[in-house]
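Quick one: structure below, then a few questions.
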């Protein structure tokens, strides 16, 4: 299974140049980007097209729950950049406005260096294309979820073959969580502190007093 | 959310040095974007921290099908390195020996620069740990699949919280494919050329004559 | 595993006292309540905390169907008291008013000694708490049902760890039944006499003439 | 819905007799057993036919897991008596003998006053009948589980209309647990301390050394 | 298993009469209609009650998709006559009017000799009865589909025992297709040419400009 | 939607000839076979290629259950000929031999004029082809069934695009039935008279005494 790096490589600055040259030669020769390990040093050539990988995590986030946050954190470990993409979804009459939903996400991710939030309107695959994302991330909970997500993912693939959808599992204690249920519980006066971050809880309470 | 590209960058060797300097400056300034470990060793866009991401794609591969190959190709676009990990699975009495199964995979992936094949015995999470993989990749087909995969993934997470499982969808034309069905059809004299690569078809025919 | 009743017990009034004393002694000695059988008479000490068990069967009941009735009868055999709890559900714009739905249930359960009907607003778990119920009963029909019920049950458990949800199966001939389908069939002029009790059928016909 | 307790009842021994007499009178008058609450004391007349309710929790328990224990504890809160019924299941070639499986359960439930363990051979419904149980308890985990459990429950109902099957949800952290997976992990040298009680872990280790 | 045609049969007109006579004799003798093969010619007596079999394919068809068309073509090979039955469904506020939906179907099936389109209001089983159809045809896509379809089919059977529902599988590339998703994609400006026939695409574009 | 039969048709022998001629003319003109109704008499031209439709109902039938019989009867109403095809399935080690299984089916269908039983070895699609069947019939019970059946059906379609698989629903009281469960109950001494025809019950009892 070993990948011959093409002979010994000197250490230090010259070794680095040597490595670069070799990689460039390979890159020009073959169809793929060949990363390799050298004396314990893993090397992934920066000019490989696959270097910077971005995942788009789309949703209504009306509002953000701890389940969403869990998926975001998991995705942030696998991708160089994660974009939480708030779908406008005017048709569904969200409780929070687009800007409110974006702000609630922004507050929650401010300490995650490779996560950002954005909003989009229109087709998801076109947004992913515009952002030059490689993957759509979706959290899976239960079977009915799975079916619908599968259908969406196949549809998106038909619309843009380049974009891959991957599914991640939230922590099993968030299996039951959904924005819809959280809103319903908050409306009925229940305590949602176990389901959403504190600032979302505050925003929910304020919003429900308004309505 | 915008990431300031820091002005135009000259092409050529000087441009490269300029990029390095800029990246290092960013690295020192902020918590994120494309950092690297120095003399510690991991080196992604050589200067980034999350450097080399490896996905393990485990299975029996008894034998490799076109559905497996499809998942491998999709994973290879999202990860720096994909390891196809053939599970020993002596208990299941596989048709092909471990070595045969590894060889059939090896023949199929020889042109994919960032994919390798390996075999493992024992717990999957321990193997992933040993390989320093970040993710387990699993292909999803149908609901019953989904349930079992979900259960396995949660179990693996319990055994090693660090390892993430992600699910990918094979092409919908491979929805029906499974190694078990392929073997059964081959046994009954059916044509499996649409379901496995040519060299697997040949190996299947030879093996079934032996048995 | 045998539970020694502590020697022969005389029949008649004195035997009864003897049993009581023995049970009290046991009760004080051990952490649990020890019921026992004596000469064909089952005896469950009334001072055991678990004696009176109440199950809450919540739903919209818009309107009550034979499937609901079937579940009620099954639950009434397992619990000392069953409360059919009609959820207000103003958001769903029910066909029948809260009072009408309660009355339709009341008419159907009048001969069941340990079943009562009630209405509630707000969180189910708070209602169960207020009523000091031990269990929420839900009828299961199909997979999609199962998923949603599971999610609800986990949510309710998060909100109140003390309350258990149990699932019961209606008779298989009611597998297809739902209030929604019954209303749709009635609206289209179909015969619903096989799906609801006669008084519900009458109420449906009257209500649909009004609307 | 209120149940009139028939006026104030004296406290002390005479109050007790008074209660008894009232209850007997009610009992003779109506078709059902009417429990009532009196000044904070819940009273369920012991001569009511429904008093002593026994649930049978059948399974292979090869071996007992924390998921099983969780279901047992939940059932013990809802029933007067819970019988953990170890099925012989010779056909499935269990890892532990019937006696070993019974002993592992017995050790785990010794502090639960209203739980016992037993073994049975033959039809489950006949065993339930012999024990005069009212309900079969089954734990539900996932969809595939649900389907099979549903099928079994309907079959059992066909064989004995009197016996009810109820489904309970284990804690969501045990969603992934199964005896089969636990045995596989132990066989591969994994740590199962999070999945089974300590004495089962010890027994598993010893058994796997033997085999 | 062979069905003796009763000796050689002459060819030509007389042979035809002979066949007729024989068949009539059989018909009168036995409870069923006995079709037979004679010298390569398959003969199914036209006076057999089961001769003309009609399948009803009901739906909203708002609008017709390639998935619908695929099911129609498959059903047309199995039945003598297929009626695509557009349900009025005013409650669901369809995008296209009943007449528009019928016309879009009519344009798509004009070259299929044994397929026609019709619209119906009221109960499906009553429509099937009026048309003297033998079967309701439904396309299956995913699990959630399956559950709902099963429920509907059982309900319809309760309402009219005579009518059978059969399920057919569309091509797997249409697994993801639904009228709802097509409309959503078209609304967001996506390209739906892979999902619907050209004339439906034109109609969708025109309709969405109007709205 | 009406299909003009081409003007009034005389009754009697000449009318019959006239009809024949018209039909032949249409047949030659168009791509399809146009059946029609005339004065209450349904006429399906025997020379239409689609006339004689045969469905294959494959399975292990180890042994035949009332659920199988229910599907057979439903299929027999929709197809001209139904072939119950007993799969050899030596690998599964059936309880009854191939010949026994065929005989048990034969005894059950002897009064159904358009149903026959056969056995096959090898690929199902090849058998269907050899018999010139148009459709494979499968009974659906539950979700797990559905998934597997779907997979099989897609596989069969890949192997032979011409053959259609249709799914039918057994009576809901047979939802729980499977040959496996029936055998298990019989083995444990349970009464299976509600699940299989009397002659199968006898055969089961005899067979289990032998084993």
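Residue numbering begins at 1 within each chain, and the chains themselves are lettered A, B, C, D, E and F in the order written.
Quick note on the criterion: a residue touches a chain if its C-beta (ideal position, glycine included) is under 8 Å from a C-beta of that chain, and two chains touch if they have at least 3 such contacts.
Quick caveat: nothing in here was measured; it's all calculated off a predicted structure.
Engineer: Going by residue numbers, if over half of the contact pairs line up, that's a repeat, so tell me which of B-E, C-D or C-E repeats A-E.
Structural biologist: That would be C-E, since it shares over half of the contact pairs of A-E.
Engineer: Counting C-beta pairs in contact, does B-E beat A-C or the other way around?
Structural biologist: A-C
Engineer: Could you grab the centroid distance between chain C and chain F? Build each centroid from C-alpha atoms only and quote it in angstrom.
Structural biologist: Measuring from centre to centre gives 43 Å for this pair.
Engineer: Roughly how many whole angstrom separate the Cα centroids of chain A and chain B?
Structural biologist: It comes to 19 Å between the two C-alpha centres.
Engineer: If a residue has to touch 2 or more other chains to count, which residues of chain C qualify?
Structural biologist: Only 143-144, 147, 150, 154, 172, 175-176 qualify.
Engineer: For this structure, enumerate the chain pairs that meet the touch criterion.
Structural biologist: Result of the pairwise touch check is A-B, A-C, A-D, A-E, B-D, B-E, B-F, C-D, C-E, C-F, D-F, E-F.
Engineer: Can you tell me which positions in chain D touch chain B when the two form their complex?
Structural biologist: 141-144, 175-178, 181, 185, 188-191, 194-195
Engineer: Give every residue of chain D touching chain F within the complex, in rising order.
Structural biologist: 122-123, 125-126, 143-144, 147-148, 150-152, 154-155, 158-159
Engineer: Can you list the chain F residues touching chain C in their complex?
Structural biologist: Touching chain C from chain F are residues 143, 172-173, 175-176.
Engineer: Quick one: in the complex, what on chain D touches chain C?
Structural biologist: 1, 30-35, 37, 42-46, 48, 50-53, 74, 77-78, 80-81, 111-114, 116-118, 134-135, 140, 143, 146-147, 150, 153-154, 157, 164-169, 172
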